[in-house]
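The structure appears below as structure tokens.
Letters A, B, C and D name the chains as they come in the text, with residue numbers starting at 1 for each one.
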Amino acid sequence: MLHEVFNLTLLQNTIRTATPLILAGLGGLLTMHAGILNIGMEGMILTGAFFGVLGSYFFSSSLMGVLLAVASGILIGLIFGFFVIELKADEFIIGIAINIFAGGLTIFLLRSIFGVKGAFSSPRIRPLPDIHFPLIDKITALDLTLNNHSIFVYISWILVVLIYITIYRTPYGMWVRASGEYPEALATVGVNPKKMKYISSIVCGILCGFSGAHLSLGYLTLFSENMSAGKGFIALAAIIFGSSNPIKTFGAALLFGFFDALGIRLQGVGMPSQFTQMIPYTVTVAALFIVAQKSLRKMKKEQHFERNM
Amino acid sequence: MRRKLNTEYLFSLVLSVTAALLIGAMIMFANGKSPILGYSALINGALGSKYNLATTLAKTVPLILTGLATAVSFRSGIYNIGGEGQLYLGAFAGAYVGFTFVQLPGFWGIILAVAAAALVGGFYAYIPAILKVRYKIDEVITTIMMNSIAILFTDYLVNYPFAAARGKMGGTDMIGEAYKLTRLVKLSKLNTSIFMTVLIAISIYYFLQKTSIGYELKMVGQNAAFANYGGISSKKRMILAMVLSGALCGIAGSFEVLGSHYRFLQNISPGYAFDGMLVSLIVKNNPVGVVFMAIFFGILKTGSIAMEHTTSIPSELVLVIQSIIILFIAGENGFKAILRKLLAKDQYEISSLASKLEKEAGEK
Amino acid sequence: MNLRQRGEDVYRNIIELKEITKVFPGVLANDNINLSIREGEIHAIVGENGAGKSTLMKILYGLYQPNSGEIYIREKRMNIRSPIAAIRNGIGMVHQHFMLIPSFTVAENIVLGTEPRKKKFFMDFEKAVEITKKLVSIYGLEVTPELKVEEVSVGIQQRIEILKILHKGADILILDEPTAVLTPQETEELFVVIRKLVKEMNKTVIIITHKLQEVMALSDRVSVMRQGRLIGTMDTKDATEQKLAEMMVGREILFEALYKEGQQGKTLFTVNHLNVKNNRGLWALRDISFSIRNGEILGIAGVEGNGQSELVEALTGLREIESGEVYVDGNLVSGKSPKEIRGLGVVHVPEDRLATGLSKKATITENLLMGSQRQEPFTKGGIHLRSKLIRKKASELVEKFDVRTPSVEVAVETLSGGNMQKIVIAREFTHDAKILIISQPTRGVDIGAIEFIHRQIIQKRNEGYAILLVSAELDEIFRLSDRILTLFAGEITGEFDNKDITKKEIGFYMTGIRKPAEEEVSKCVES
Amino acid sequence: GCTKPIPQDVQPSGGETEASEAPIKAALVVAGGLGDRSFYDSANEGIERAKKELGVEAKVLECRNDPSLFNDQLIQASQYGSVVVVVGFEFYDAIQEVAPEFPDVNYIYVDNVVEEISNITCIDYMENEGSFLAGAMAALLTQDTTIEGINKEKVIGMVGGMDISVIRNFKVGYEEGAKYIDPEIRVETIFAGDFEDPAKGKESALALYAKGADIVFQVAGKTGEGVFEAAKDSKQFAIGVDSDQRYINPDVIVASMTKGVGLSIFESIQKIQEGTFAPGSVYRYGIKENGVGIAYGTPDMKQFVSEEVKTKIEGLKEKIVSGEIKVTEIQ
């Protein structure tokens, strides 16, 4: 029984399920570092998915799909940035407004451009390529888990490293972090904190665009109303869980992916589906609780240590 | 001073709504639809008859309650995003009382059902509150997660242990006749829960604005360190706020059961708690504002469907317009600041020009 | 390049501000200001809170754009659109509020904005540390490059700020109230560095301060600002403290002697063997014991960060006590909640008014209500707030404590620092209490307000309150206290009668150079 | 041009049935939204056909799974036309509330059964019977390893939308059908938990394929689109639902279990027009009534299901009709 649940394809599923979360999560953690909690990722992913399909369909090219998704991401990132940074509006409200906007807009455009409701798929939508690494396929375990994924799976891994380096190892990353932590201080050394916030907001839009394009062109080859299905919020949870660190957020996204995939498999073992679907959520709360308790205990221990000195 | 600020706020509120409606009109126009027909259909559909008005009001009930729930928690500096889950559990609890204790006389039955809903909703909010104040676990993330848990859990309940005996519909059995709240206007779902809602809204307004605990909650929300310093236990107040917020969502759920559907349904809320959150955020968590904004949202929702019927303008367009309205209102302060800056500059430039001219005149 | 013509009659103006005007919504912050700074001078700028000093300097630094006026730097007309332009022109500014990123290291903060790079794209951390070490060796301002800023004291942060602007190549240094948070020793050290920078390195320094002795001790020339206008500039040798104060306030100021009266009677407040930890779980206070009688002010002198904050928090119930007891008039209060401690008659003016003493967003009325929100006559039955009465009482307090505000219904954040502090004092001093715990009562407050607050404190003393006064301002401690304790590294290092010790001497106890003999300590506790 | 004045105060208005000259106005109310290329779209096809062939005026009202709209939309629909087609088991309460208020309107209620209201005609489908055939077909196919993509394991799968009684009714039939062919066949079912999340559908189907299933039956609305994608990716097979879905991807969708929603709606409207309609009855459409069945797409598509299997399925149909096989029903 158990080998049917825990096997290599579980890891493969994990990676697949986690990718949209990783991409959006990387974007959201950038704005988080710049001091902005981005609730609007959900909407950004959705528009990305739509414009990805739009571009791929009309230009018969998945690259054009990605480009259009990115363009839409930049635009929404700019709108989000303008309201949050320029007008200092509540980021919570703006995020929700962006989500509603994206939901309405994509359905509206779906009807007026493609003349369909619900979902749109067509052979003319060019999917993103899968990548096959010829060397890895010799080892079955690696071939099964790491090989033959859609291109954005690998891009997301590269981005984790790139963004980690950018944030912690380059001046630009320092500026972004400073713009979130103490914007006035950054301004006094001659770097415009608003600019850094805008950039992070736009890059977040781009990455959410990637996430959407991956969803509609890499993972699936169709657009369907509200197909982001809460991924923006889970990505947000991954960011908070990973305390905005790209590597930890990556880990948190994988964790979500893992428990999501696990939940699907556990149904076969006779657990009612409602409970298996709960797994990622309960595990998150439980994990947060364990981590919090540990850090409390650690603090107590340190105190104890001090006292003994 | 206070009054003046409020009129200024109301003025800019009206201004942003107008601006957003204008943008909506432009979108309609660009789609070859007449904005005048569209909007008149919307207004008519929402307010044009007794039935329409009643339908609109029926839709505001859950929004007012969830909006107040948001106001209570957000004002106190603890962010309850878990209203949806609390609403589902509360609705289920209300339904459970309603189909289990069918022999109770109406009045007591309803009280018991609403109380059970409040209790369950409150308890479900108590968990993240404790996690927040005791273990410093971010309540935003826990409440979001707990939404899904609650919805899936009730999903399980109505499909297995409490599935309706007849009608294969993803719901519980009907509640007893005595529990069904009286409908007020023929065919419309408007029912006596609106009176209770008004009563609750007044109580919450009084509680938040006119009592010492309300004052304490506000201070905790604005500056917890200050509240602690002044002798208020911010932790206890945060828990109180969260539980109260959860209870309000639970009550909102029970009203859906007792007044609208007469049973618990699987998809009982189309996201009331999120809409309520938006309602409250837009009016900066002011309980009076919540009532008005909830009505406005009700008008949009009912009206948009009428608009779709009569003009075939898709109701998604209303979502777009609605989000633009929200953007404008949220950005209201910023727009005002920019405007003020521009005005101030102008004023200054005019006066400096005047003094320069004077000087030149003097030199001559 | 940097011609120094000091000591001669011909000066070169390195900076000239001409007819600078700056308007904020509703405030004329700078009104047609003409000011020239000579190359190689130390130029002090004084003025009351809100006089427009910081605004003028921020304009010079490119953070604000003036509504009109011209700026000449080295006799060239300049448009300073941003701090970058200012930095390029050799201007550096240390701000009134520290502009350091707490989670960054010292070295990272110093190079922020002009980071050394590897391969163009990457931050060169080793180089940053190297740069910092080099700066330390050149200017003699000791810092540890690898530490995070949040881990170092304010004195060190001040040094980091100065090193930061020096690293950016500043010839003209603007220091906005650099000594507000420093001890006398640290201040003296800073002045040594400033003099060295001017004399040996051809720098020009503009310094803003509220402390007139510092003006007299350090500057070559001084400018006085009042309500957005420049009242005058003069050579320091022609000025006196009295004269400057009068120019600042616009009227004659009398440094009245404070009149202390009344008998000190029974002991109201006792602390026994108190041990307390700080936020990081390390010992902040060890074995602290003292007592205060009614009608007495006990001053705690010490360099900041030596346990003062923790002491006040522990005494007021805001921080857990590890061991020890605190008694108020015979009642044990340690371990009780802030509410209970307040109930037993302890009121508290906290050190940081914005963080703990007030809610910025709340109205004056709401801020004044704190602590009384459940008491008659403000509430009916402990629940219903009597808004009208509360507002009336608030207006009375605002009048009595001379808070300058258009109404009691405005948000506190619209007030100036001094007026904010008056709100805190007004609230705490009207609570029904026996014991006042006052921390940094006049930080960042101008001369007029200081006078007012000091008089209020002495009045409470004369009424028979037991008062604990914690202040980083030695002047304040000496002016108000009857008795003084010195605190160093969480321990009491000395106890003195006000008359028995000088400022200079007490500095040694504050810095742990001198410690009392054991028996002396126990004697203090018994008294 | 279907503009009609905004409803004023609601009066249960007289229908327009007797005016045989004027075209019939029919409204379709669906619980979810169109565009699922399955259940709701199939209902819409019925309406479209009635429009074209019978000259009916019609309009569609969607509730987007928001129960607070059920009553409103039903009322709107009842004010619009004399025939209201109500599609979705979810309307159980709403229709019982609204229909008595409009006694002259004919309600055709699809997918659930409401008794004793004279103007509601119910059409309920015995999806268990249809999916029995689907299960039997899948069982036969999974053993035919000559087809490329079929493995030797005796495993078939099903992806359900949500774990609700209608879907469980599909499930029980599917399982019984498969076991009827070969008791050793293992049927794996995953509920995606959503009818509108293709990504989840794909992930669920991939999990099933990974477990050795080579044919997956989707009963999941839009979520099912993901099942087809999964079949394409893993080069295995899927079975469609409600409409003949083969056209979506004839290379992987081997057949569909159909519900004759569109047809029965069309026929009902036709009967109403002819005056032969008997309102108030309950029709339970199973295999016997031709209400459910299996569709193999159009002849131009490559057929994966052999004639032999098709004949076997026909045989099973007869057995069900004759009552020799009784398929369990879940209410």
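The rule we apply is simple: contacts are C-beta pairs under 8 Å (C-beta built on N, C-alpha and C of every residue); 3 or more make two chains touch, one makes a residue touch a chain.
The model shown is predicted, which means the values in this text are computed figures rather than measured ones.
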item	value
More contacts between chains, B-D or A-C	B-D
Distance from chain D to chain C - Cα centre to Cα centre, in angstrom	75
Between chain A and chain C, centroid-to-centroid distance (C-alpha), Å	45
Length of the line joining the C-alpha centres of chain A and chain D, rounded to whole Å	35
In chain A, residues with contacts to at least two other chains	272, 274, 277
Numbers and ranges of chain D residues touching at least 2 other chains	163, 193
Residues within chain B bordering two or more other chains	152, 155-156, 159
Pairs of chains in contact (touch as defined earlier), listed by label	A-B, A-C, A-D, B-C, B-D
Touching residues (chain side chain A, partner chain B) in the complex	79, 83, 86-90, 92-94, 96-98, 100-101, 103-105, 107-108, 111-112, 230, 233, 236-237, 240-241, 272, 274-275, 277-278, 281-282, 284-285, 288-289, 292-293, 296
Sites on chain C touched by chain A in the complex	61, 63, 82-84, 87, 93, 95, 97-104, 108, 112-115, 117, 121-123, 164, 168, 277, 281-283
In the complex, chain D residues that touch chain A	33-37, 41, 160, 163, 188-191, 193-194, 196-200, 202-204, 206-207, 210-211, 222, 225-226, 229, 248
Chain B residues within the chain D interface of the complex	41, 44-45, 48-52, 55, 58-59, 152, 155-156, 159, 163, 166-170, 186-189, 256, 260-263, 265-268, 270, 302, 305-306, 309-312
Residue ranges of chain C in contact with chain B within the complex	21, 23, 25, 67-68, 316, 318, 337-339, 341-343, 348, 350, 355-362, 366, 369-371, 373-374, 379, 382-385, 387, 406-407, 409-410
